[in-house]
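What follows is a pair of complexes built around subunit A, which joins subunit B in one and subunit C in the other.
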Partner chain A sequence: MPRDQGARLALTQRQAAAILLLPFLAVYGVFLVYPFFKGVWISLHDWNLMAVAFNPDAKTYVGLRNYERVMWGQNITWGALANPGFQIVGFLGVVASYLLYRTGRAARVTALAMGIAGLLLFVLPGFHPGEGGRWFDRRFWPTVGNTILFVGLAVPGVTITAMLLAAALDGETRAKAVLRTLFFLSQVLSVTVVTLIWQIMFSPRQGLIANLTTLFGGSPIVWLTAEGFAMAAIVIATIWWSLGIAMILFLAGLQDISRDLYEAGALDNATGAKAFWYITLPNLKRTITVVVVLQIILHFQVFGQAHLMTGGGPNDTTQVLVRYIYQTAFRDSELGRASAMAVFLFVIMGAFSILQFVLGREKDE
Partner chain B sequence: MNRSYYWLILALSIPAFLWLVPTIWMVSLSFQPNDVLARTTSSTALGLIPIPFTPDNYIALFRFGQVPMWFLNSLIVSLGMTLAVLAVSTTAGYALARLEFPLKGPIIVLCLMGLMVPEQAVFIPLYTMFADWGWHNSHHALILPRVAVPIGVFLMMQFFKAIPKDIEEAARIDGVGWLQIFWYVMLPLARPAMMTLAILTFLYAWNDYLWPLVSAQQREFFTITLGLASIQSNFAQAEGLGRVMASGVIASLPVVVLFLIFQRYVVRAMTAGGTKG
Partner chain C sequence: MKHAILGAAALALLATGVVAQEVTLGRFFGDCEDAGTDTKASVGEACIIQSIINAADAQLVGVSVNTLPTDWGNYYDQIKAAYAGGTPPSVHVMHRHRVPEFASLGALADLTDDLEAAGIDPNDWEAAALEAVTYNDRIMGVPMDFHANLWHVNMDLMDAAGLVENGAPVLPTSPEEMLEHARAVKEATGQDYLAADFAQFPIGVRVVLALLWQQGSNIFDGDMATIDTPEARTAISAITQLFDDGLANPQLNYADSQQAFLNGEAAVLVNGTWVVDFYSAEAAKDDEGLNTYFVADFPTLFDEGATWADSHMWAIPAPLKANDADTYAAALQVLAFINDHNIDWARTGHMAVRTSVLASDEYAALPHRDEYTGTADIARDTPPSVRYGAIQDVLNREFQAIWLTGKSVDAALADAQADVQDLLDR
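Let's look at the complex of A and B:
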């Protein structure tokens, strides 16, 4: 390179990179990396929000005590059928993942993830207080259970509805595009608008659903304060809200299925529902996994629906993990314990994020 | 287009209409008088048609109350966050995609790890930090935490990686500096990707609930999303159902308009944000 040109390139590549990277790295370091480690640090302390705000030395290092106080108890024992609901599902999950893997119906990552999830679901709910024992925090595990139940209802609900809609609405016509827009629209609303709408929809006195029931001579259900119905109500609102992304992902997945397959299928009389079952479904396996993992990550962080529609009630049946963290930190001022729960949340989310990343990689290869 | 196609569209129009009913109902209730709503919410066609009709709820909303101020806060926070995210993501994304420098690999891995950290895992320490600095109840407190989320950097990095190298090399041979190439050559090319990222960020900022709930405690600094949550718990008594519903419509208007105009970008943005962050 001639000298005069070299002089005009005032900045070397390294200097330019430093200038361009610095703004992001500074913000990233201060507002994400540092808070993350500070969160772990807080979780190792007895840290009262009010006390520390007035006197920064009012915190004491307690090691892993917060984790113990949140997750453990006195005289905890383990039984294979202590909590049969979750444990049987977990056990079946392990068996199913093994069978799916052996028969080659699921990829290794999928089977492994399913197996681990099943194993956890079998092992963890088996712990329970033995004779004379008790949990130190009797609300934590039920809260985790509610969160898993919510995920277990919302994810299949969203996935199946979205898949059927995508299969029906796949196509270039104008009518289909309009229908897709209508189904996607609720996705852009904020959680507070969604809960506003559904709170009044479910209201026993003014709600549209109650109005319909009375029209047909029934008596209205007190959705949001009746045990069992409250969870159903927030699941319904959630499915209505978050169907859009899943539907779009399925539409993208459908584009990758070759038209030739359907033409070949039509020769064998496979059209309509038959074609969906024998051609569409097997070829959507990867998309289904991606959508399911994505939805698990999304819905495990549920907060607004439970906070605004049911307030965690009735009788704690819709209390979810993020809401419990929020209350422990900002109502009870127990930042140490709340941070321990936040770390627990991070570990679960992290596992699914890694799975999501691995799945994303598989597609690129 | 055969007959079964029309049957399919007809059959799907029914669930599509049902899907819209909650939204239609909100809009319809917002145009009905509060004294009527206090008696019944199903005046005409189960309340889905706003008869008796009145625009009073919207007029009251803009005369009294804090909804206009919250709306303005939401605009400031959402636009501010969008600009900040665009600024740091395009620069960092370009550097990571096209420049060679030491420690590039580790920096990319470090940023990837940030994608795993959910908001809920850092909101407590962020709260204590901002409290120590006296930053709560301000616009920048609502903006900054999201600027640190690396999703935008990855979107831009992937985009810049896909641009052919020869454009850049031609400019280098002409003696153009790296920053000039970024500004005059790469940024104009990146407009579609920037648009996607801008919409993703704006939607997130407008709809975010947890962080504003923690950080903004004075009502003057509420966003519309947060303000709406604060009035919906006592909707029937205090302000009247019609007015609360009108607030909900106002809170949704910007994102719905954005969606209807830029539908393709919104869909792309939400799937990109969904699958990668």
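Let's look at the complex of A and C:
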């Protein structure tokens, strides 16, 4: 009798999996999937944040007009050399990916990803307003450009600094352990604290950096309001802030490298920098990929640093995408337009997530 | 068991009747940790307003006031998000310039018929104050002050440059004269003539706007942007000539420009009425820097007097009036209390809104009050617009681009014109 009861209650593996997954799927659906599709839906409407709150019918369906108003313009044309800097790099990227694939130095997916990125870099910056034309929103693409520039500076900055630190602090002495903790500490601070610290550091009147420049006879740089320095300032603060996790990942990667390799290398006279270049770096390739892609996804969402330190200035040089979305949604109450920009950001980050997925699978092939 | 439940319910009912009605309050002005309840002793905007709120909390029977944490820079974003989420504070401070945006959506409670019962007399308000809180002939808030840009003057530096007559500073009457004065200050003292936040908050914008209004021009008229004009070029060059000659530094933000003035590194600081009591207190300190402080009306460099001005006011959300009569009544009591303490708020340096306060001896005796009596007559602002915040940001960005990044005036004005027109068209 008890056996029968037990048999009746027994679940197949599939059923058990479904039950165990249910809580996660419910939370995921309610807090991630539903808001995402709601965001896409909002982006198809003329939707005023406050007006809709007071009158749910105060929105109108406008189709893709928000996307057009944000990304397109009047009389837009395309030229192969409209924006030579980006387009030449893009073109070279396409050529390089093809060559790397043909010579067997890059796997098919890697070459494909690189080729697509190069193609986009060649095609997208080629669009520009023709004679008498203008962008409907002349700030959107420069803002995207600023965000890419920020990512382009912060990601190599974090990766290289974290890798060097990890290589220097990999070991079992007490001092190294203390230093590892110290370098990780900045990661636990909130963006408000980090920006406050760096605003003081960069202040031309009381900042540490200004004091040092004056000590050596220079005149202090007004970092946060000088055109050439504002972006550098938020990049520096960001590198300092997000070093910790990358360093930990590199330390884990370093500890995975077999000691035998170094011993063998030492026999061949490869020590110090040589060992780092020929043994450590190649073995860290996968960790570097993970760190770079994670950082790219993370830093595309930069907001606090630009919002709190420079307010997007001077002259919009540090205006970044999330801050523009925030201002459009809350200052201007234009939720539809802001959602269209957010969907654009999602596409970019989605592309990098796919790239990470593809690169991650390559190992198993 | 039944009796026990009924007894507990009765007790709970009794308790809620006795517990004070909670009024949540949203405000900017910054934090003050130990404001206390003495509304006559606190110094500075943050502490004076908080002492008034604390006093309301302590003195109003059956009402407790809970000040919500808000951040100055993102205040309106927070308030809007709270409205959109259906949880606005019971009362909140706002600027006159935001009334069109909030009232046009029906966000603000119509207080017209409830003020007198709450002990607030709208007839005691200055005409301009009543106008500030009125939307479509209905009163949507309780005004608290007029505030405006002033010239805060370091008299020692002006004296050294020979720019003091009869105990008052000699102020320029034209852009050319301003340049002469600035050179005189630089030669005599080595210090800058003028400081202001030209790099962060829109104080630089407000200076240019004042010079625009002084020429009878404005940034838009109806739904037409009118920024790209000769008047705008004249107004901007009046300021940039000081930057170009090294007589003012455009790179200082609010805190740095204020510090420069307090350190005695600038003869004039352009800033609002809200810092008069703070600068008086700083000047009274026996240290280096600012020692002899004077407050002057914004000078007239062109045809007519004009300075940027606005009003702070308190509003109650419409949903509160519609859905929660008890809290609404308590919220009105809090507004009446703030209205009763108009003289205490005026201690900041702001101009009072109640005629009875303006006529009082106590008001006349406030420090430096007699030095900027002309400001009320020249107070101006841009035309009302639901896009005020975004338009200010456009001007701030483009004007800063001129003096911080060397963007040409033509390009900046053309961009500002296009962007403001785009906002007006939306």
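Here is the rule we use: the second predicted complex is superposed on the first by the 310 of 365 C-alpha atoms of A that agree within 3 Å, B and C clash if a C-alpha of one lies under 4 Å from a C-alpha of the other, contacts with A are read in each partner's own complex, and residues count from 1 in each chain.
We adopt the following convention: a contact is a pair of C-beta atoms (placed from the backbone, for glycine too) under 8 Å apart; a residue touches a chain by one contact, two chains touch by 3 or more.
All of these numbers come straight from a predicted model, not from anything done at the bench.
Of the two partner chains placed by superposition, only subunit B is touched by A:Val193; subunit C is not. In the superposed pair of complexes, A:Val70 makes contact with neither subunit B nor subunit C. In the overlay built on the shared chain, the residue A:Phe36 is in contact with subunit B alone; subunit C does not reach it.
In the superposed pair of complexes, A:Phe330 makes contact with subunit B and with subunit C alike.
Once the two complexes are overlaid on the shared chain, A:Ala154 sits clear of subunit B and of subunit C alike. Once the two complexes are laid over each other on the shared chain, residue contacts for A:Val94 go to neither subunit B nor subunit C.
In the superposed model, more residues of subunit A are touched by B than by the other of subunit B and subunit C.
Once the two complexes are overlaid on the shared chain, A:Leu179 sits against subunit B while remaining clear of subunit C. Judged by the touch definition given at the top, the superposed model places A:Ala53 against both subunit B and subunit C. Of the two partner chains placed by superposition, A:Val235 touches none, neither subunit B nor subunit C.
Within subunit A, the residues touched by subunit B in the first complex and by subunit C in the second are 49, 52-53, 326, 330.
Listed in rising order, the residues of subunit A touching subunit B in the complex are 5, 8-11, 13-14, 16-21, 23-25, 27-28, 30-36, 38-39, 41-42, 49, 52-53, 165, 168-169, 173, 175-176, 179, 181-193, 195-201, 206-208, 211-212, 215, 240, 244-245, 248-249, 252, 290, 294, 298, 301, 303-304, 308, 322, 325-326, 329-330, 335, 338-339, 342-343, 345-346, 349-350, 353-354, 356-357, 360.
Interface of subunit B with subunit A (complex): residues 1, 5, 8-9, 12-13, 16, 19-23, 25-26, 29, 37, 40-42, 46-47, 87-89, 91-92, 94-96, 99-102, 104, 107, 110-112, 114-129, 131, 144-145, 147-150, 153, 175, 177-179, 182, 203, 206-207, 209-210, 213-214, 225-226, 228-229, 232-233, 235-236, 241, 244-245, 248, 251-252, 255-256, 258-260, 263, 266-267, 270-271, 274-276.
Those residues of subunit A that touch subunit C in the complex are listed here as 48-55, 134, 136-139, 203-205, 222, 224-227, 311-317, 326-327, 330-334.
On the subunit C side of its complex with subunit A, the touching residues are 74, 76-77, 80-81, 83-86, 102, 105-107, 199-200, 251-253, 256, 259-260, 318, 387, 389-390, 393, 397-398, 400-401, 404-407, 415, 418-419, 422, 426.
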